[in-house]
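These are the structures in question, set out in turn.
After this come two complexes, each holding chain A, first together with chain B and then together with chain C.
Then we have the complex of A and B:
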């Protein structure tokens, strides 16, 4: 187990180095000159000399690999540079935005879990019943719905027609409900399908027949034995969803005017604010990688046998 | 397989929905009653009428015609992207899995690095870097998703490679290219088809999400996501401006999802 985890962490370090290179490349392949963009934003009519001055000041005149190593050194010290847009350290901006996004994502995860588990068990147990078919139709809509549109529909329904929530609201727990549901509904729809299919597959296995033969009640078999064995693929997918939700928050945050990391990234992209773009990319990728690792560790803890089957893949 | 598809109600329904959208996209100029970008300042927010079947938007443009032309953008972006993705991922995934060894290991590490960015994030940063434009968003979409597809292709090939008939073909002296092109790819194609057809819906949702954010597609273009974005300001007064394009996106994505899932039931019935 420990050997497995340390192996995974070694792999993780290689991936993280690749992530920093890629994050840096992404934000550097551009026809827009960030020094010029910065100069135009802050000086009315910048002369070429002023632009050059800014370029040197920001270190943009150095060769790309030197810029990368300078940036990487900073990253290792926890310094992500200074935002060209807000002029705050990127670290400070991110520290301010991340909790807002994480609170939506956290609540959304809660919804996903409490919606997915009971519904998929019910629909797997009553396979081909009316409930199962209805759920299948509902989840087909759920995975086909554009989440920004869902956000608007929820706003129109619950903030305008039935004024339970206010349209622009930030800070209270209540204000989290609509954005988190907007993220959770499509995700829950696809995870219901996955969990239902996995449960059905497991119900055909020998251990279920054996448990039945031992006279264990059907409920106990489903909720304890089958569910436990159906969790590993769910955990993997769920941890991936967490990364998707953080990246996808850009869209939902735009609908609900929510000041999170996603909308921060979009405004940084529009303003060509390189240090902020790099910082956001890095943070989101690190969170994503971290959750993937967490999924593997959780899975190996729940079902150590999987290591011998899938450990080296 | 065609027979099985026609027997499956869900597949037929999905296919019909896709065909409706494809028909609308192809014959848009004949279906639309007005030009989608024609502005009529005297007719802002007009009610539904014979001239404007669904009324007009904030600039007096015919909503119905814009929705019709939107089908062109939706399919016109998603289908070519998927095609390029399919070619790239089948080539790279098959070659990597077939050669195996160190080459495959390097390929897997590259995949892992790319996969540590959620696709949305890659597209966001690439569109930010390359600038606006439909072509750039297509490049970004291919670039962000190819590894995910390639990895699936790779895993299918790895499974297929071990099977007896491939070994038999090798012993019979079949060349590697022949084995890949004539044996492996035709055999994994049905499973890939399922994966791609469900992938297309996700891609359409992602691309409309981008134009909603104002990235990728120029303002004024009758793309459904962009229409939603410009209708955002009239959330209170004209919620219909938001509802129509959303229904169009939902309809198209649902068509592809229904078809893709029915296809999966047909190709691998044991998973249902």
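Then we have the complex of A and C:
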């Protein structure tokens, strides 16, 4: 088990290096000059000399690989540079924004789980029933609806027409409900599809027939055998969703005026704030990679067969 | 004649197109008797077994007839009532031990779960009973087996665990569906030996197979099935030495051919 995890961690470090290298290359390919952008924001009519001075100060005159290694050294010391926009250390800005995003994503995950599991089981057990068909239509809508549109609709419905929530609100648990539902509904819709299909597939397995032949009750067979065996693909997908939710939080945060890492990244991109962009990408990549690893660990913990297939045990 | 299992006019149809796939199957199994059902794949023998224990999907198959266990017709009871019999008074040994166990559940928990479904034993007591029934099957290092996941055990071992589970609630009838097919010769011999013991203890045994060798070793009476119907029945001696239908003759010949190839 430990060997397996350390192997995976090695692989993940390589992924992180790849992501950050790409981020550096792409921001250099871009035609906008961050030094000039910074100069124009801070100095009225900057001269070319002033821009050159800023470029040197920011280390942007160095070749890309030198810039990358300088940045990487900083990262290893825990320093992500200084934001060109806020003049704060990037680290401090991020530490301030991340909790806001994590609280939405956390509540959204909770919705996804409590919506997906019971509905998938009910719809698989009552396959082709009225409930199953209705759920299929509802989830098709859920999958097709764009996030930002759903967010606006929820705002119109529950903050304007039925003023249960405020349009702009931040800080309370209540203010989390609409944004988290906006993220959760499309993801729950597609995970219902996946879990229902996996449950149906497992219901045909020999071990279900044998459990029936032993006189085990239908409920026990579904909840203790079939559901457990249907979880591994669900766990993998769910942990990917966690990554997507954080990486894709920008749109929902914009709709709900939510001060999280997503909207922070968007304003950094608009302002050509390179250190902040790189810092955000690094954090998002780390979170993505971490949840992927978590999925593997959870799966091998509940599914002993997976480890022995990987040559461990 | 004390029959513990009476199957009468068992008919299985596909609901989709209303076609009959098992037709008018009737037979009895007496105390301590072994009834063999033989036929090629697709002859309906496995369907017959599954229908008896109500294992077929009700949305796909229509099952009519009577399956009387000591006089009680389990086929026409509601599921809640019949579940008290299934797995206890009539139990099953499945064809493929490697896939019959839940891959995410330890072997011991399969035993505990089955005992708890039919008795009021506590989990601890059930676990102790589980150890004992595995020991009775001449399995070594029982505690280790109880604590293992199914994929870490061999097919032969799992098949013996399955027999232990089938026997532990003192059933009247055991249905063995191709219980030896997936096993090597040595494990086959062990299982056939267990069948003899079951029979000696008064259990009625229904052995379903396509292997005349198995039938010859354990059965008292034989049914030959083809295309969902019983086309011939008789004692093992009659069927082996005096088959009446061409089909049975062909099955027997095919078997000798296989033997010749094996010994060549």
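We adopt the following convention: the second predicted complex is superposed on the first by the 307 of 313 C-alpha atoms of A that agree within 3 Å, B and C clash if a C-alpha of one lies under 4 Å from a C-alpha of the other, contacts with A are read in each partner's own complex, and residues count from 1 in each chain.
The rule is simple: a residue touches a chain if its C-beta (ideal position, glycine included) is under 8 Å from a C-beta of that chain, and two chains touch if they have at least 3 such contacts.
Note that the structure is a prediction, hence the values are computed from the model and not measured.
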Have a look at where A:228 lands relative to chain B and chain C in the superposition and call it first, second, both or neither. second
Who wins on chain A residues touched, chain B or chain C? B
Under the stated touch criterion, which partner chain does A:220 make contact with: chain B (first), chain C (second), both, or neither? second
Taking the superposition on A as described, I'd like to know which of chain B and chain C A:92 touches: first, second, both or neither. neither
Once chain A of both complexes is superposed, is A:301 in touch with chain B (first), chain C (second), both, or neither? neither
Based on the superposed arrangement, let me know which partner A:206 touches: chain B (first), chain C (second), both, or neither? second
Residues of chain A touching chain C in the complex: 127, 205-207, 209-218, 220, 224-225, 228-229, 302-305, 308
In the complex, the residues of chain A that touch chain B are 11, 14-16, 18-19, 22-23, 26-32, 140-141, 143-149, 152-153, 155-156, 160, 167, 197, 200-201, 243-244, 246-248, 250-251, 254-255, 265-266, 268-270, 272, 277, 281, 284-285, 288-289, 292
Given the complex, residues on chain B that touch chain A span 109-110, 112-114, 116-118, 120-122, 124-131, 201, 205, 208-209, 212-215, 225, 228, 232, 235-236, 239, 242-243, 245-246, 249-250, 253-254, 256-258, 261, 271-272
Touching residues on chain C, where the partner in the complex is chain A: 50, 53-55, 59, 79, 83-88, 91-92, 94, 96, 99-105, 110, 113-114, 117-118, 149, 151-152, 162, 165
